[in-house]
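Please go over the structures that come below.
Both complexes shown next keep chain A, but they swap its partner, so chain B is in the first and chain C is in the second.
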Partner chain A sequence: MIESVDFGQVNWARAQFALTAMYHWIFVPLTLGLSVLCAFFETLYVRTGNNEWKQLTKFWMSLFAVNFAIGVATGIILEFEFGTNWSNYSWMVGDIFGTPLAIEGILAFFLEATFFAVMFFGWDRFSKRMHLFSTWMVALGSNLSALWILIANGWMQNPIGMRFNPETARFEMLDIWAVISSRIAISHFTHATSSGFLLASLFVTAVSSWFLLKGRHQTFARRSITVAATFGLFSAMFVAFTGDEHAYITVKTQPMKLAAMEGLYKGKKPTGLIAFGVVNPDKQTGDAGDPFVTKIEVPGMLSLLANRKLGSFVAGIDDLVWGNPEHDIVGVDRKMKYGRQAVSSLADFKKARKTGDSAAAVAALAIFDQNREFLGYGYLKKPSDAVPPVSLVFYSFRVMAGLGTFFILLFTLFLIQSARDKLTANRWLLRIGVISVFLGYIAQQAGWIVTEVGRQPWAIQGLLPVSVARSNLDSGTVAVTFFIFLALFTVMLIAEVKIMTKQISLGPEGSAL
Partner chain B sequence: MIGNLEWSTLQQLWWLITSLVGSLFIFLTFVQGGQTLILTLAKNESEKSLIVNSLGRKWELTFTALVLFGGALYAAFPLFYATSFGGAYWVWIAILLTFVLQAISYEFRRKPNNFLGQRTYEVFLLINGTVGILLIGAAIGTFFTGSNFRLNDYSLVQWTHPLRGLEAAFEPFNVSFGLFLVFLARVLGTLYLTSNIEDADLVARLRKSSFTNLLLSLPFLLFVLYRLITMNGFTVDPASKVISLVAGKYLDNMLSMPSVLAMLLSGLSLVVLGAMLNRFTTSRRGIWPAGLGTVLTCLSVFFLTGYHNTPFYPSKTDLGSSLTIYNASSSHYTLTMMSYVAILVPFVLAYIAWVWRQMDSRRLGFEEVTGDSKSY
Partner chain C sequence: MIRHALNFYVEGFRNMRLGRALWKIVLLKILFLFIVIKLFFFPDVLKVTYDNDTDRAEHVLRRLTQSAETDQEPLPPVAGKK
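Let's turn to the complex of A and B:
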């Protein structure tokens, strides 16, 4: 399998997937959060019977719709890209991975699609309460679809509840509950959806701040800010909390990712947290170079955060690649040896099956069983292949975490000024409010870079490297589709931004507020 | 109960479920058919908008049905997903692109400052309704005519034709099937719009159009049926699992599964009935017999290619690599778990039907579309 790998092709396929996923994630978090905010605004309308809340709801809904359409468009590509560009992956883990995708279709997408029409066109065709119910169903459907897709993603990060079947040469599901209730999947879901709520709050705050700066729709904007800042503050704190939980699980399941996030090469006891650092670009695993050009370290902090234990050991990249007997860490170098045995015994097994030599099949299977858990390592070329791009992961993590902290502060300020009714007096805050939505988008993308770049080279953690997961395509084909998608998505994004800004500048229709 | 089912029973059950989702999708392509009418049937802007808004209340259901069709194939027959999507790369990418264009077009079409202009989005809808459906038909056609691929010992696919799937669109059977689906979608589109739109003048043209499009679909349908009866087909020996090409295979399937033949004939008759009702009576309900007919027809097509020892995704290059519902499926455990989830499908269908009924209890007129700032 490995002999014919064309690394140009796999990198194009990676680039294409990253492109699609990143474009998709521009729109999805806003959908997740804005759907809930719309439902909340409408609830206020139904409760109070005040038409001004209805206008407000309708305005945010119209922006939601523009955003939703393009999220759907990029989403369908993602689903089918698993088949087109990662067909080996689709076969080898489809038995497990396909299930959450199908459930997502049945349980979540139809909810969204069916009630979406009611939410937009059913104002006069349904009762108030039924309409409100539909809006909540759209919010529920959006977030449920995030749940199922993140269960699928969580499983890639921490593959459990399955076993490799040498007869079919694929992974097969043994326990669906293990897959669904995986801690990493749930932590993924809570972190990602709450970050969506956070982004939507930033969005509403930004648009409303802009109205206030322009002196338009004052009451409307103040109301929106009060709701969004409250929602945003809770979301931002929850994001921080789930982020901490996520890192804690990552130490257990993907120690290499955590080491890359921290630029930690040699594990120490205790280990400090790099609050600020400039990564040494020439540093390679195993060499004597300093990982950082310069850094500010908080002593012992990483031990506390990663293991929730003062003075504990946190494994570094070198420990994981070359092994650390003192801490019982088997290095990638040893795992590759076992992995090669797994790969070759699997080939022997297949051959024996073909020729009908059952004794040889049993013998090959015995060797395979001893090494099966290292199968994926057998496809790596050298131990350092198991190290993700450190500086990208390191910086992305800091951007995400730093901005996350900033948003807590931002929403607190907005709430205080809103409570004191001093929003318009603090134009600097409103200006920061407008800019912050862009920071929100950056934090979102940075978060996914940490998660997805940090787990390279694995499509399935420890079991299936991307070089094996790919389709049998030449690099030119994948490169062409990459540029088609790049052009198409960019045109769509431009259209979306133009429409969105126009809608915002038009403001809530007929609003006297 | 489900937990005790044989693996082969579950494989047959999941072929049934997947076929049903696929057939419902084809029924819902009345949206795509309707999209192709925007530029030809509408006389002015307000008629255009009326059609777009009528379809706009349903397009996401069609889209979602397609996504679920993909998801169900992935979960139940992952080897097909891997082989076809990874192999017939260009045909699927082309289909996907047309649906991407569709997804933004409803919302963006008439919005101020929409960058590409209204006309472009209408052309996108047209492309989705014509090229998209044609290629889907061509791709389904390969279930009968075969594809160019080979699987290695690890079941990994190698495509052996440089066009990577697009070659399917050059085979008369596949093209005819695709064109039949395009005209069928147009028939369904006119029937749906007739049932959903108030305006008498537009409806009168829709009524004529449904019959014209039915007539236009007939040559392609007849060619497909003729070829189905006469063509060589792929068969798998149940004992040895050896796959071979035999004469009159699909005719044999029809005769050996008379219920499937009955579904095919009654399905097609119902489609004709729906179009005739629309043309020659004042009924606005032609969409229902035609819709049911479409589902029955498509089910019979999927059954012909999947059941009765037939490989549903045959390989022309290497017969032994052909996919059957037995060698392409998920494990016994996964199919069992998925079957539990599938119990929820009737509930999903029930709330869709309920919302649909409520939503369409009153027909759509010009006033509602022009009066609503949120309309497409």
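Let's turn to the complex of A and C:
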């Protein structure tokens, strides 16, 4: 008998996790990027000996401090939610998650916290070089924190280096280096951190553009824009490069996510890339409907980007759900049968262990071992349950990639005008610079929607769906804490905006911590 | 050396203006999260419900096997998995 799942509770728990993660990701990328930019600014001060660079560094550092203070500990709430709303998941992955999160806490956080004090208190107490070293250590510590978190998340997307132990109902780490060096984890890290550098560059450019529009602190603003636009241009290009790499790996590890990103239902060769499209909201897997109401397709481009091979086949949602023997694809419908075999043999093992029937336990384990990689599919009710929300993933990807392309153009224009000393003469560009920081935040959130909504229904790809990962809690309880967090995060965001805008309005002269 | 480090922090905080406000926000937030939110709203469900790891494992295993359906014949190993 299939247990009826309280999707009310699942969806409240999902909504709460998404809310927390999205608020957390408002603060984190600016911390990642602005810490590095501050280190660059201070390097210029130490190299030139020019106190104007010192004043500039201190100003951006004060804004870094505001963002850091408001954002700190927003991530810990996610860990609270693991233990309460996702207790089954938390139990099962404890051995895997524990290591990177512990390393993050011990190594990265202490590195950051130790040198933080020197960075803020030590301007007149330490040598220039020691202080500069401390600022770089804070930048390194921040980004190292991101590494370990993204290793954990990367493992969820591509669970390797471990084995499920039916005795303890836990995934047990077999190879920590496989987990750490997973291609998904590394590309996640490089893409996420470089997106943080990009956002910080947009932030500095936006504030500096505002100063120029107001006719204030013009030398300061021009210098800031020159450094930020250079850093931003390289970051934006690196984001595009790592994004391409990430998509290439996703085709292999999470082909359903890639298919949803492209709204691709029927795979073909060659496969075109949808540059622009309006998804048909009535389209279902397996039906004959057109996936798009309208679209602009670049012929053959998806084959090249996804497989780095002209004319190659890219699997669509229908191929992955119903199978495609010609291209050696086992469909979800068949995987569900193997998955149910895994689940029932696990049940037989549990029963045999209880009755002390060791022969039956061994036999059950043997069947489980044959089907263990499909365990998660055993919990799906129907094959289409393996398909993530296509529209949301499709549009989010286009928002992210489109804005990423725009940022490359934006920073190029800023650098050209900066080199020609024509920034103040191009007020339209400065206005776009001010607005673009908000576009950067939108791109950030869109990227996480692609990767986290795109992996649905999986908490652990192929092994544990979200519906099984949850705790057995009343949905009302989860709903209450959802609204508590909504209120708390809104207050924090308003506080950040108010303190930040006040600091900005004080300008470099009035920005002492 | 410890006293030197402590003095460094004390002097640093004493000279802060914006920093003091930020630290108040950080401390208030951490207190609220760990004392109010964690204590009252976010118990570790398995730790609170069960005393030992064996029972916790049993709970999770029960959850994993609740939807069991038994196939009449075992299926052959699959090839060409994607």
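Criterion: the second predicted complex is superposed on the first by the 505 of 513 C-alpha atoms of A that agree within 3 Å, B and C clash if a C-alpha of one lies under 4 Å from a C-alpha of the other, contacts with A are read in each partner's own complex, and residues count from 1 in each chain.
The rule we apply is simple: a contact is a pair of C-beta atoms (placed from the backbone, for glycine too) under 8 Å apart; a residue touches a chain by one contact, two chains touch by 3 or more.
Treat the numbers as computed from the prediction; the structure is a model and nothing was measured.
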item	value
Fit or clash between chain C and chain B when superposed on chain A	clash
Partner chain in contact with A:44 - chain B first, chain C second, else both or neither	neither
Touching partner for A:120 - first (chain B), second (chain C), both, neither	both
Touching partner for A:498 - first (chain B), second (chain C), both, neither	first
First (chain B), second (chain C), both or neither touched by A:72	both
A:160 touches, of chain B and chain C: first, second, both or neither?	neither
Partner chain(s) touched by A:379 [first = chain B, second = chain C, both, neither]	second
Touching partner for A:315 - first (chain B), second (chain C), both, neither	second
Which of chain B and chain C A:255 touches, first, second, both or neither	second
Partner chain(s) touched by A:344 [first = chain B, second = chain C, both, neither]	second
Overlapping segment of chain B (options 1-9, 19-27, 37-45 or 91-99) - the one that collides with chain C in the superposed model	91-99
Common ground on chain A, meaning residues reached by chain C in one complex and by chain B in the other	1, 62, 65-66, 69-70, 72-73, 76-77, 80, 83-84, 87-88, 90-91, 117, 120-122, 125, 168-170, 350, 471-473, 481, 484, 488, 492, 495, 499, 503
Contacting residues of chain B [partner chain A, same complex]	53, 56-58, 60-61, 63-64, 66-68, 70-72, 74-76, 78-79, 81-87, 89-90, 92-93, 96-97, 99-101, 103-104, 106-108, 111-116, 153-159, 164, 330-331, 333-334, 337-338, 341-342, 344-345, 348, 351-352, 355-356, 358-359, 361-362, 368, 372-375
Of chain C, residues touching chain A in the complex	8-9, 11-13, 15-19, 21-23, 25-26, 29-30, 32-33, 37-38, 41-47, 53, 56-57, 60-71, 74-75, 77-78, 80-82
Partner chain B, residues of chain A touching it in the complex	1, 58, 61-62, 65-66, 68-70, 72-77, 79-80, 82-91, 94-99, 101-107, 109-110, 112-118, 120-126, 130, 134, 165, 168-170, 172-174, 176, 350, 354, 471-473, 477, 481, 484, 488, 491-492, 494-496, 498-499, 501-503, 506, 509
Interface residues, chain A side, partner chain C - complex	1-3, 62, 65-66, 69-70, 72-73, 76-77, 80-81, 83-84, 87-88, 90-92, 117, 120-122, 125, 166-170, 255, 315, 320, 328-330, 334, 337-338, 340-341, 343-344, 346-348, 350, 367, 370-371, 373-374, 378-379, 468, 471-473, 480-481, 484, 488, 492, 495, 499, 503, 511-513
